[in-house]
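The following pair of complexes shares a single chain, chain A, combined with chain B in the former and chain C in the latter.
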Partner chain A sequence: MSLPRTVWNTVKSLVVGHAVTAREIATRPITVFYPEEKPEFPTGSRSVPVLKVNEESGYINCTSCGLCERTCPPGCIEITQAVDPATNKKKPWPHLYTLDLSHCMVCNLCVEACPFDALEMLDVPELATYQVQDLKFHKEQLLDLWKTGKAIRIAEGQPMPSK
Partner chain B sequence: MNDVLAAVLEALAVLTYVALNAFVLIWLERKIAGHIQRRIGPLRVGGPGGSLQSLADGIKLFSKEDFRPGGRDGIIWWLAPLVSMTPAVMVFIAIPFGQHLIIHDMNIGLIYITSITSFGLLGVFMAGWGSNNKYSLLGAMRAGAQLFSYEIPAILSTIGVVLAAGSLSLETIVAKQSAHWFLFPQILGFIVFYVAILAETNRTPFDLAEAESELVGGYFTEYSGIRWAMFPFAEYGTLFTGCALATTLFLGGWHGPLFLPGWVWFLIKTYILVFIAMWIRWTLPRVRIDQLMDLGWKFLIPLSLINILGTGAYIALVR
Partner chain C sequence: MASTSTTAGEQAPGLQSQLMTLNLGPQHPSTHGVLRVVVTLDGEEVVEAQPDIGYLHRNFEKIVEGWALPGVVPFSDRNDYLAAIANEVCVCDAIETLGEVELPDRAKWLRVLFAELQRIISHELWYGAFGMDLGAFTPFLYGFRDRETGYLLMEKATGARMLYAYNRIGGLRNDVTDAWLKELEGYLDFMEKQAFPEYMKLLIENEIFVMRTKGTGQLTREQAIAWGASGPVLRSTGLPWDLRKKRPYLVYDQLEFDVPTGTNGDNYDRAMVRMLEIKESIKIIRQVLRRLPDGPVLAKARAAVRPRVGEYYARQESPRGEVGVHLVSNGRPNAYRLKWRAPTFSHLQLVPLMCRGVKMADMIANLGSLDIVMGEVDR
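Moving on to the complex of A and B:
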């Protein structure tokens, strides 16, 4: 390359490069001040599967059919079906529903397997604890968690109406 | 007795200014770096925008363990930060901040400054040699080649100004620029000088001496704590004095169009040049060593010689 052409290319690339960085100085930083300011999670973010309550009847949708328990790849769901003590007959709701989040890989397979629309993925990521045992969520905790977050139905791609 | 007291006070004033300046410039550099990368930079420490971040860092560096590498070259290793920092401080003596705001106006002020800044190379090389570390030595060798190559265009580019002003005293050079700055007749000289001071302060795109991605930390790899802090101190001091010298020689020093005090104009112009140096640092990637040498010897030196020739011809023929 000839010398004038080299000089011209150098000057051009210097001006273009500095224009780019000057533009970046002028634009707003994309930093989110996390603890003070919560970021907007993209639709479909998932943190933990939680149990849903039917808003009309007030009961949970789960019938303790055990499909989620069998689908779960890491095997972190444990269900004990409720039994009527008088008649010793099984009842269509769970007596115990335990989800061990320390094993859960948030794959969404349980939600997809559930035929009764009883499970939903929550988008609240702040579930860290000091003890690993505290990550074992029971039925009541999962119901409470469901109330805290804006759960998302992946299948239909629509966010739930706020509770 | 009074002379001694005055000298001590002057030294204290200069040292305080160098320290404050380094604190402010390090904070500014981190802020500019952050905003160029769409981050925010220091934020939590101190007042608005994390402005006391450098102070907190300084306290941390003071309280760190004084680690000495084994196999060091005792006194050379120990002296290197001091030798590196002293010239950066001594240059302040001859810089005219305002009309009479100069610690010591020498009639050879420019020669004094160029010769004192060359001592910085000695400190860098002592650090590289004394550390007994291959990265340090490589960094010091590079710094030696680089500083030696860029001293020449830096000095040659100032000769045009000296020819135009007819004096080596920095105060006289500024006084001669009351009508018009030397920037436009000497634009070639200004460009060469500015590039050369960027190279002499070891800043990206010329930071081959401390290239952290290749040489760990370059010549100060083996330093930690306050010894390490002296090198950035010297670097930011040299950056300021280089920009102050560019202001003095090319941008009319304390002269300004509005009725502000002279030293305000001087500081505004200097810090604009410092800002541009930081802007360049966070824009351009590092050059290779052969490109660096090519730029110095094949481009900047001929350019500064053309500048001298042009200025000399103008003075001989027109005046």
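Moving on to the complex of A and C:
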């Protein structure tokens, strides 16, 4: 290609390119300055599986059957079944229920595996911590998280996500 | 940055230059992830470029041998993290064939829809990154603007931005809503009417871009076949090899679309093929939206997946090429062996061939036009 033609084409494509970007002057910026202003998080995104409280009985639904523990691919759930100290018999609820969120893939398989509807996938964003140990959630913390997640949803007037 | 010195032979005495060894990466932003390329430079010219892989190795294939098969699907997202649906659909195909699970109709169509939406998003990212490789910053912002909209759509439907864990053995986790399908249609309209012409004007039709990319990084058809290239890299050499056409899976045989091909196999053709693929994907999604059947999205007997004894090689067309899963099963709930064929692993082997004797800046362009994802290369 001859030089004048190349120069002409280059100038032309520069003008065309700038015409595209010039239109953006009139539009509003889409950047959200995240920690200061909060973007709108889509509902229903998965962030952490938590134990939930049965609204009627006021107890957790978990019977410590261990299905979620076995289903979890990276093995981040750990359950210790409760034992009655007097009779030494096993009780149908977890004594300890630990979820290591640092290993969790947030794949929802545990929630789907639970036959007792004891787990729920929350969509609470911002669970980052400075220490990796802080991502190891115990039973009480998981219940607290569930309550927080529920409080957020009620405040925003959103329906609870179905299983 | 280490440097060794050897004298180049073919120079006039007194004008000898020293070869310099330069480590490009592993954290260099223009190498698309943690790729290290050991480049031997003679001035600005690349004498030899040797990619060094393994910085993102996660032991995928060995780990999944110990996992029950349903868990492999979310883990496979981490391979090609820019086109996670393509991985999921492929590994699900392998498991479903060996496990003899019948897919519901709606799940088949929705898988096609998500795979094509993923292709659009993946090519948008490639468009932005390739512009950056060539030194144009503006296209990057446009590509990422639309990619973000696409990811939001994905998040609304699947519950995650990049690593969806959306496919299950025997279908999909949840159905999509009609409102979401409407939103998707709006996104397609936006892509077709506004974003795509902008992409073309900003970068692809730009004279500087054309001059930088035409004739560089050229591959012949024989070379591409011999090195195991697939996807846009192979199609840019003129061979219309697309598994969606040649080995139709899911419902691709009922859909009408063209396979864009190039002629020269250079960087420009690869770019052009990818841009035209965005258009074809839009076309496919529109057909899926028109013909999407009703019904369940998840087959019933999915809890007990016990594949039969045997092996199966599932291959599908991901945005980057042929992604393949060779699943060997001995009848247990976990895989006996799972081999992952990553298209970009083959493409990365082309780097020494393509980069011999080119300028340093062109080498970055060559790397960018291959669209390498290190998560998939290292697995």
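Simple rule for what comes next: the second predicted complex is superposed on the first by the 126 of 163 C-alpha atoms of A that agree within 3 Å, B and C clash if a C-alpha of one lies under 4 Å from a C-alpha of the other, contacts with A are read in each partner's own complex, and residues count from 1 in each chain.
Here is the rule we use: a residue touches a chain if its C-beta (ideal position, glycine included) is under 8 Å from a C-beta of that chain, and two chains touch if they have at least 3 such contacts.
None of these values were measured; they are calculated from a predicted model.
*Asks:* On the A-aligned overlay, A:Pro73 touches which partner chain: chain B = first, chain C = second, or both, or neither?
*Replies:* second
*Asks:* With the two structures laid over each other on chain A, which partner does A:Val106 touch: chain B (first), chain C (second), both, or neither?
*Replies:* In the superposition, A:Val106 touches chain C alone.
*Asks:* Just chain B (first), just chain C (second), both, or neither: which does A:Ala22 touch?
*Replies:* first
*Asks:* Does chain B (first) or chain C (second) touch A:Thr31, or do both, or does neither?
*Replies:* The first partner, chain B, only.
*Asks:* Output check: A:Asn9 vs chain B and chain C. Expected answer is one of first, second, both, neither. What do you get?
*Replies:* After superposition on chain A, A:Asn9 lies in contact with chain C alone.
*Asks:* Considering only touches as defined above, state whether A:Leu135 meets chain B (first), chain C (second), both or neither.
*Replies:* Neither chain B nor chain C is touched by A:Leu135.
*Asks:* Shared contact residues on chain A for chain B and chain C?
*Replies:* Residues 14, 17, 20-21, 30, which sit in both footprints.
*Asks:* For the complex, which residues does chain B have touching chain A?
*Replies:* It comes out as residues 32, 34-40, 279-280, 282-284.
*Asks:* Which residues of chain A touch chain C in the complex?
*Replies:* That would be residues 6, 9-10, 12-14, 16-17, 19-21, 30, 42, 44-46, 71-74, 105-109, 112, 121, 123 of chain A.
*Asks:* Which of the residues in chain C end up touching chain A in this complex?
*Replies:* Interface residues on the chain C side: 67-68, 70-75, 138, 145, 152, 155-156, 159-161, 163, 165, 168, 173, 198, 201-202, 205-209, 211.
*Asks:* Touching residues of chain A toward chain B in the complex: what are they?
*Replies:* Residue positions touching the partner: 14, 17-18, 20-22, 24-25, 27, 29-31.
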